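Here you go, one structure.
Note that the chains take the letters A, B, C and D in the order they are written out, and that residue 1 is the start of every chain.
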Amino acid sequence: MTKTGIIGATGYAGAELVRILSGHPDVKLTAITSRQYAGMKYDSIYSSMAGVVTLACEEFNMDSFCDKVDIIFIALPHKIPMEIVPGLIKRGKKVIDLSADFRFKDVLRYEKYYQPHTAKELLKEAVYGLCEIYFDEIKNASLIGNPGCYPTSVLLPLVPLLKENFIDINTIIADSKSGVSGAGRSLSLTAHFCEANESFKAYKVAGHRHCPEMEEILSAKAKKPVTITFVPHLVPMTRGMLTTTYVNLLKKTDSKEIRNCISSFYARHPFVRICPENQVPDTMHVRGTNYCDIGFKIDERNNRLIIISAIDNLVKGAAGQAVQNMNIMLGIDETRGLNNIPFAV
Amino acid sequence: MTKTGIIGATGYAGAELVRILSGHPDVKLTAITSRQYAGMKYDSIYSSMAGVVTLACEEFNMDSFCDKVDIIFIALPHKIPMEIVPGLIKRGKKVIDLSADFRFKDVLRYEKYYQPHTAKELLKEAVYGLCEIYFDEIKNASLIGNPGCYPTSVLLPLVPLLKENFIDINTIIADSKSGVSGAGRSLSLTAHFCEANESFKAYKVAGHRHCPEMEEILSAKAKKPVTITFVPHLVPMTRGMLTTTYVNLLKKTDSKEIRNCISSFYARHPFVRICPENQVPDTMHVRGTNYCDIGFKIDERNNRLIIISAIDNLVKGAAGQAVQNMNIMLGIDETRGLNNIPFAV
Amino acid sequence: MTKTGIIGATGYAGAELVRILSGHPDVKLTAITSRQYAGMKYDSIYSSMAGVVTLACEEFNMDSFCDKVDIIFIALPHKIPMEIVPGLIKRGKKVIDLSADFRFKDVLRYEKYYQPHTAKELLKEAVYGLCEIYFDEIKNASLIGNPGCYPTSVLLPLVPLLKENFIDINTIIADSKSGVSGAGRSLSLTAHFCEANESFKAYKVAGHRHCPEMEEILSAKAKKPVTITFVPHLVPMTRGMLTTTYVNLLKKTDSKEIRNCISSFYARHPFVRICPENQVPDTMHVRGTNYCDIGFKIDERNNRLIIISAIDNLVKGAAGQAVQNMNIMLGIDETRGLNNIPFAV
Amino acid sequence: MTKTGIIGATGYAGAELVRILSGHPDVKLTAITSRQYAGMKYDSIYSSMAGVVTLACEEFNMDSFCDKVDIIFIALPHKIPMEIVPGLIKRGKKVIDLSADFRFKDVLRYEKYYQPHTAKELLKEAVYGLCEIYFDEIKNASLIGNPGCYPTSVLLPLVPLLKENFIDINTIIADSKSGVSGAGRSLSLTAHFCEANESFKAYKVAGHRHCPEMEEILSAKAKKPVTITFVPHLVPMTRGMLTTTYVNLLKKTDSKEIRNCISSFYARHPFVRICPENQVPDTMHVRGTNYCDIGFKIDERNNRLIIISAIDNLVKGAAGQAVQNMNIMLGIDETRGLNNIPFAV
């Protein structure tokens, strides 16, 4: 059985990795690290898992950690992963990094929005882990830059439409809304219950780091530079992300053609679901699942396409997609360990 | 003291009218109607007002109601107001109608989205009660079509920019988010706690009736037909509405010019507040108040303006603006009865 | 593979049965009924299950339904089950009824709080499906009266303490708090988002029908009549139930003895978890799971025991326990199909 | 006009004081202090008050602060107030302290649960500011120990019943539930949105510092030592507190007698409202108000009284009661500045 490990297992994305990997039928979670909680059993940190996940957190040590695991997930803030990934790769490990450190091919873009990159040489071989789009590259990858949550929700519906030349890529506006867990478990006024509850607001308006990430992929697909307008908002709920994307259509078309374009692109990818005509995605429908639900409507008077996509920011937007990447790398069905039946409420 | 009455006092907008008028220093609430709760004292319907609002609801009767009141608010679903307003006007009453029935000058537009209009002759004299924009007309009006919540949040920031020729009116996209109280007190699955809680979704995508209402005003101001793209969403909170509007700029400009344009337009109108540089509106900041908070950011790479506006859908989006209209009609300070100090949380 | 069916599959308890049974490795869900949604595919009712649960709802027909299934779950309001259970039993089916109709041995008690019982003859053979307490009886049962959510949370910690004579059964006070899904999917002002959100209240104070249900079991265990005081409250959250029970201790004791009593009683029952010293249950820790978490504290100054128990009202409080009952009846591990790893948040 | 000041104005209780005092018709808020935000205008800390409260926070300086104000509110954590109150009193100021420092007559009790008291000499003259109970003492007080939120909700219904000898004071159990704002604005995992949302839990079970505070008052009223059992819980909402109190009745009685006892006691105190027969308090009914709503039910089978009381923890449980104390000290109507009409939702 494949042995997996998580570096940084106690944030919300880490906890979601723990949850999914602990229930995965084909792999075993054999090591987890945490600086803050080193030495503590996992279920003393998250009591929901009492008696279920009793593995202890350890301080990260390159050699001893690598001895225990085959595939490694990193759920740490950017900058730290690029310091440790070279060592992991050198030891022959496969790595799925949930930070931004290995998402960019264009190092200058990365350095403009983050900081100097200290493992540039790995960027070429790293694969952007948007599973349905880079499926073939992922199969043979050793290093995955797992996508951000916002880019996942924005790119999945756009890529097929871009490929089929339906949309004017100079007119993309993505208005995203995220649950509070996207801000992580760190303490901040933003995540204080009384400041988030009964509140709705935008943040980092046209200044969020996920924007260049989306633009790199869109530019690559369009084979020319693309800039978009992106505004994220904070919703008073724990999980869930919904993006409403507005884009001008390049030609007169109808719902059926749009639907065919997206449906056929994702025909063999069960985690992308297209809503029936006249229905729209709801974050509740994907809560706790790895689905990306997509709906759309043509605003005919303006020949503009309105696309709505919903994911669970912690699953398809983070840990779930990371495990999906692992499945693809292992050559097993991409849904393994991720096919829990969704809750109705 | 001016005597006021409310026809349809027990929905959420009606209850907000009751709250505001009961605390208003210059008027007296002397009659309220309700079909469902006729005969019941108001505080047996809303226990929060126990001992505070003890007026009883009555069945609406044209003559006896008109005997008791000078200014009348109507908080009923569209179609009913147009049946009773002619009688009220004939009896010399001033009327502020919160439904859509008297918001349109273009009766065909109304009839396309609602139903045949049975009091067309009153549309000419009716004034669209967007207080800061139609202040002078409101002063002398007898009949106010009180604006919808979405139009209020969309129009207030746009009108000054349109007037000063900053924006390309063919590129307006309004992405709105509303608390659940906007759906009213009627029972529906949409408003069921378990279906709205921990959920975020769009509804009536590019098909909401508030869209033609906005377009009528924008077209009037632009002196040519304007169509926009409008998508409303539902937020798991009780009160609050935030609209993110995207529009192309007609010329190179900067934050200072935009700020000056909006600020100077609203210089004498205290309920419109412009956020300081680098701050954004939050529905929590206007909860329970009649404010409309406005923030903006220029997306320079795309020469696009992003405007964010926040209101309390039940106050500036309904009952508060209705009372503001009354204040203007009475020639008293527009803030009377609406100047409660905002809550921090 | 055992074939299971659900009569009344579209309420929240029904939907939770659908979720659990669809993912159960040892049984197959072969028929579901709904009067309101007959003919519709399940995933057109609950979009979260799009592409996952595509079985269609049918009108209930005794013969055709019984042809398709071996074990039957009923998730309908009380009164209807007692009308159809005799027919199911006559056809040799095993039945797990989630209503109150088969929870009582004392028919007079049932009739006092509900209505005349029309299938009295089945009460003797019916087993009260509180799994950990009536495990042996359940094994051979044909008809299970699945416990109410409140009784489950109240009885699980009390029964071992009662058996070991720790507590004065005349002093039991149970103060329970439930999420809104306990009120079901039916429309009501109580479940309206704006009336439940930002609200906390009691309801049916000392008048809830689950009280006699608890008293029947406690009386049976104590071998004398027991009356308790029970007050349920409504919490602004979707799922979860927490009960704080107060009871006088019969003797001087300490935490260790209390812990031993409960722990040893549940030693072989994994769904009851005892919190570590100085920790307390949290409904979030059991959300979406079949666990009942129990914590306690001795108030030494008053020689009173404070017990806190948490369940997910839709799982251990309804559908999960129903499936656990089925597992026991089938002679398979009681955790089958119920051992999903809990979420951290 | 009386000049008021707030020491520690930027926590939630402080912000609520700012809100109420800024709208108070008879006093003027002339000075506010904050260590963290010294030099900043208040509306740059709480944007809801933009343009409304523009006073700047200052560092606390004894002499300059006292020069500006007549009546002083302190909203700081316990221990700090007792260091500065002697200086304020020496300068002839009237002081209302929201911490626990001046709530106790029995210094040993205080020191057992808090720390050594450094201003013991003031305890004798300090008055416990439970307004309706100690009205006459408050009139002439110079120093008020403003009650805790839990004690306010527990004591208001109990004192009249205790005085009239209805209840067995050895059997009091108070099960309280509080919104998250009770935990203050400080950052903590407990107040993290994702840990509080969709969660219900107890905390400090039989170990909360408000318990000795209640016991001191109850003992004083009963003229003998009283111990109670008290368990607080955390509700996923911002504001509101509901307490369910269980107590044995000393004699056979009925609802009418209980109602008369409480009603007549509070006949001249408008902030205590008794719910009509068969209705129960709801935190939503008192949100943003200074009311304490009280309901009750006799559990006749056990001759036990169940009392339910609801307050807004930040208003009647903190800042509102503090202002009510000020009103009484000033000899003005106790409702001045606190009589905003309640919201329906």
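We take it that a residue touches a chain if its C-beta (ideal position, glycine included) is under 8 Å from a C-beta of that chain, and two chains touch if they have at least 3 such contacts.
None of the values given here were measured: they were computed from a predicted structure.
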- Query: Can you list every chain that touches chain C and also touches chain D?
  - Reply: A, B
- Quick one: point me to the chain whose Cα centre is farthest from that of chain C. B
- Query: If you list every residue number at the chain B and chain C contact, are more than half found on both copies (same) or fewer than half (different)?
  - Reply: same
- Note on the structure: Between the Cα centroids of chain B and chain C the separation in whole angstrom comes to 46
- Just give me the whole-number Å value for how far the CA centre of chain A lies from that of chain B. 39
- Whole-Å separation of chain centres (CA-atom averages), chain B against chain D: 37
- At which residue positions does chain C touch at least two other chains? 12, 181, 194, 197-198, 236-239, 282, 284, 287, 345
- Any idea which chain A residues touch chain B in the complex? 173, 175, 177, 179, 194-195, 197-203, 205-207, 227-229, 231, 233, 235-240, 242, 244, 246, 280-284, 287, 295, 297, 299, 301-302, 304, 306, 308, 310, 345
- Per the touch rule, the chain B residues reaching chain D in their complex are 12, 15-16, 18-20, 22-23, 44, 46-53, 181, 198, 238-239, 270, 273, 275-276, 279, 282, 284-289, 293, 340-345
- Item | Footprint of chain C on chain B - complex, ascending | 12, 180-181, 185, 187-189, 191-194, 196-198, 236-238
